[in-house]
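Shared chain: chain A. Partners: chain B in the first complex, chain C in the second.
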Partner chain A sequence: MATKRLMKEFSLVQKSIPSDSEYPNILTLQPQDTLFQWKGTISGPKDTPFEGYKWGLIIDIPHTYPSSPPSVKFANKICHPNVNFQTGEICLNILNQEHWSPAWNLINVIVAILQLLGNPEPLSPLNIDVSNLLKLGDMSAYDGLIKYYAVRYGLKDEDGILD
Partner chain B sequence: MSTYEAQEEAAARERASNTTQPPQRSHETLATMLSNLFTGEGTRDLPQETNLAAQGIRLVGSDGEEVSQSQAQEFARAMTLLQELPIRDSLLEQLSTQKDIEGVSQEFIDSLERVSRKSLKPDQTCSICTSDFLDDPHPLVVKLPCEGNHRFDLECIAPWLKVHSTCPLCRKNLVEKKKFEDLPVDSEEEEDDWEMYG
Partner chain C sequence: MNATNATNASHIVTTLSPIPAAIDNSRNSWFNISESLVLKLYDAVIGLHTTASTQTVIIEDGQAPSQEELFTTLTGTPALFNYFLSPYAGACMALAVVLNRTVTYAQRRQSINLRSGNANNLRSPFNKSVASWSRIALRLVMLVCIVNGLLQTLLQYAIINKDIRPFIDGVGFLQNAEIPALSSFLWNTFVILGASQFLETLIASASGTSAAHDSGFTLFEQSLAFHEVQLLKFPNEHILIIVTFSLLSQFLIHATALLKLSKYQLIPSTVVSLAFLSYYVRSLLDGSILDFPSIAIVSVIPQLMVIGISVMCFAVYSLAVVLANGKDNLSITPVIDNLFQTLNLQLSDDFNSSVMKLGYVMFTTATDEEYVHQMSDVVWRDSTYLEETSTTTRKNGYLREYPDDPEFASDGKAGKEASNVDPLVDKFWRDWSLFRKFINIYRLGYGLVLLVPKIYRLGFKKARSVNIENQKTGNGSTDSAYLNNDEDLDEDYLDDNGSDFDPEEFDSDYESEAEDDEILSHQYISTANEARSSEYSHHTVEKSKQDRLVKVSPLQELFSAPESIISLLKPVTPEEITLNRTVQTHLESETRLTRSKFCLLDTDEPLKSLIFERRQAHKHVSNDSHNTGNDDEEEQRDMSCAVCRCAPRSIIIWPCRCFAICDGCRLGLGVRGFKICCCCRGPVEGFSKVYLP
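After this line comes the complex of A and B, so read on.
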């Protein structure tokens, strides 16, 4: 069941990434040694402090997929209120068993992560420092801190694609 | 005096190093045995495992009381039995079912309304497996009692409904909320009130 569905997703991904203009910020998305391990690369959405830099995503898919959600984390460090700076763990409700739906696919999940970059949720922080800046409304400090870490750990647009 | 003390100290150190050496080794053997037990995939041959376990218990016995051969064998047999049990799987299962997510009963799944092959259109797909319903020459499709009457392959929706009582597409809870009606009246609290006046 999981394999068949992942095969379908793979062919969908091959068709739509990176050519589809609907997903301009998903640069790569491909399975690794097995269909249960994927890697992706995203670029920071326009008009967010992440713009101009790229991050890798590591996707592990359980054998119970799509009844259970995939687990996704950032490969390189990113400063975001809902991402653990050390581990890259992402706090996103649809990645929880409780809020996941089997009608979603990997592209939907990555689109949701891109949405999260531009719409952080300071009330469920995994990075308290940058989250506090957001809560206090100090947007120049918030943007500045994110950009500092983006310069340090993010990949620039002219860099090669993460593999 | 000082030379005697130094000698005594050296001797004590030597004794300590001598006595700690064997238990350390036996611990190592037991530890690797246990880790093998929990990480192994059950592909190794079992007799070797049994010997290893027996050896482990003999080593444990050597620095303490005497452990009889039969006891060691019994222990080894228990260990192999333990390995055959799908402990890891059952623990994981317990973890995932202990959350407050509750699915529907098997009767509910069995009673879902079937959709006949005739009423299925070629472009309709099951959003769980993303396959067209009509790809299957004998599709077993059900519709959920949500507003959209969303349709899924029974094979796809059943595992989902066993742990969730919502429609994957519209999130409508398919089970009537009986929880509030079923709440029993707290009789103890009432009695407490009576006591206040009594």
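After this line comes the complex of A and C, so read on.
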């Protein structure tokens, strides 16, 4: 079931990702050697401190997909209250088994991650320092820190897209 | 009885009843054997023949019959009755009671631990406390008794066959041993067998296990058999074989229990039983079967049949394996491969019950396999019966074959159309329609005849109203019958007229000049109504007033009780639903809906058109996707299952009514323990399967 469904998703991704209109912030999304290993590139959403920078995503899909959620990690370091700075692990409820729904697909997951970039949840932090800044309301420090790390670790244009 | 006996002791032959002697003459004739068998069985039950002949023999011999023998061979008493008076029957009943009570009163207290399925855990703490030495001692005593019984049997056998006498003499303590009479030997054997069974039951109950079953003959059968043959002066081979077989089975039970090998009881039991069965078959083939006691002949037959049928089945199967080039091509192979799991054979069983299990499986698999064969008859239809009717109606009648389908036939309209009716019925219908035509012509004539005065009256009425208007002030209402009536009555007439039929309709019918028979009959009825109502007009005022009191509106008539109105609003039973639909159709219909018009309405029409539309759209989409690639796939994807993205959606989740998944994914989600709807995250209380064309 998983392979068949991933084939469908692949054809859906091929149709919808290059056309910028629907998902402008998803730059690439494609499977690697197998259909159970995907990589993607996203750009920071508008009106967020992440705007203008790019990050890579590594998606591991379990063989029980879509009954179990895929595991998504940031490929390069990102400073975000709900992302582990060292490992790139993302704290997102729909990526947990209990909140995951088999009706979602990979594009939905990435859209949810893009949403998370714009709407951080400081009450369940994986990066305590930056979430404390957010909790205390020091927005200039928050924006500055994010931009600093984005410039330092984010994908550059000359890097091209993450392969 | 064989020839050597006859030469050795001439009186042995005379002790026999005449029937086996007759068999000696024509031993190979199967017909005679079966005839004699029936006669023997009859004798065993009614017993007049055998007992009488035996008794005369005894007297001829000149030996005084013993008390016991006299007791059991009263002249003319039926054998069955005879048996019930014999000590065997008494002993058998007594033993039955004793064994029955033993199971209860010697029952060991058991710990009931249902959670642990391990039987060893159940028993081990109790078995330790049982005095094992006493069990061993009891069983050893029993074994000695049984061995003694076996030796006695050997001594009896020596009477028949002198050849083995030297062997017996070789055994020290049997040398010159006195050979007891047959009747006392049988009685001793029976006592040994009974004691052995009692002991086994006692020990098993006291140690909390179940008693081992003796395969072959029961105590009752043994007592019957022994009773039947005890009157013989000398033993015959067959009864000795039965005695040996019974003793040997008991011996094996005790011996295996003593050696703690009870769980392998099936193996020795099978060996002994098969040996006995082969002896039985042998004597069946050489015709000496009648020397067995009747009960032994009868009680072995089921076992023999089961084994025979099983062997036959396996023979057929192995032949088929050879013919079908390997067993994988045969549909019964899985059953045969799993035969031992199905049988649930245990080595602790006895032979008899294993054979019965085998027989049961052999007989029942045959019926189970029937269903597998019928699988090929299952038809998967691409279209529903609605589509079939809609496509076939467009066809030429010559090309339209009515499917022989119960669902289709139960559809009333289609059933009527079906032309494959009985020719007699067909003829009847043709005659009937001809008759109807005549009737209609007659009605036409009659209606016309009635119409003439009607028209005349109508014209007269008009004239009269004109008359009345003209002579409003005058008192000219005295001429006609109409004018004799009250105004009240006149109103009633009009009332009646209005409720029974529509004057407009009548007029239109009248104008259309009635080419059609159907319309004509309507017209006839309406004219008849007219006539009737005009007759009413001659009645008195009181009568019409009474009528008015009794009169209820048709709606009230339909729903006399308030419950029926509720049932109309919330129909539950099929009848209520039909009524609801009927009333709804009547309310929705723009014109007056007669019964025949309602019958003409096709209630399946909306469903039919929906299915057709969806099928067309689906076809369209699939054609397009073939032509233009993936462009229309997105459209198609909309109705595919949200989880697997391939099967069509077929499940509605309640109460959120999300229609998103297929049945396979529903099962998957249910098994994986998802509790919320995968679309809306609402709770899931249940689901419905829907069919989407």
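Here is the rule we go by: the second predicted complex is superposed on the first by the 158 of 163 C-alpha atoms of A that agree within 3 Å, B and C clash if a C-alpha of one lies under 4 Å from a C-alpha of the other, contacts with A are read in each partner's own complex, and residues count from 1 in each chain.
Following the convention adopted for this analysis, a contact is a pair of C-beta atoms (placed from the backbone, for glycine too) under 8 Å apart; a residue touches a chain by one contact, two chains touch by 3 or more.
What you see is a predicted model, and the numbers here were worked out from it, not measured in a lab.
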Look at where chain B and chain C land on chain A after superposing the complexes, then choose clash or fit. clash
Based on the superposed arrangement, let me know which partner A:P102 touches: chain B (first), chain C (second), both, or neither? both
Between chain B (first) and chain C (second), which, if any, makes contact with A:S11: first, second, both or neither? second
Let me test your reading of the model: by the given contact rule, A:P66 touches which partner, first (chain B), second (chain C), both or neither? both
Go through the superposed model and pick first if A:M1 touches only chain B, second if only chain C, both, or neither. both
Between chain B (first) and chain C (second), which, if any, makes contact with A:K77: first, second, both or neither? neither
Intersection of the chain A residues that touch chain B with those that touch chain C: 1, 4-5, 8-9, 12, 66-67, 101-103
Residues of chain A that touch chain B when the two form their complex: 1, 4-5, 8-9, 12, 64, 66-67, 97-98, 101-103, 105
For the chain B and chain A complex, residues of the former touching the latter: 96, 99, 101, 127-131, 155-156, 159-160, 163, 168-169, 171
What residues on chain C touch chain A, complex-wise? 630, 633-634, 637, 642-646, 660-661, 665, 668-669, 672, 674, 676, 678-679, 681
Residues of chain A that touch chain C when the two form their complex: 1, 4-5, 8-9, 11-12, 15, 66-67, 101-103
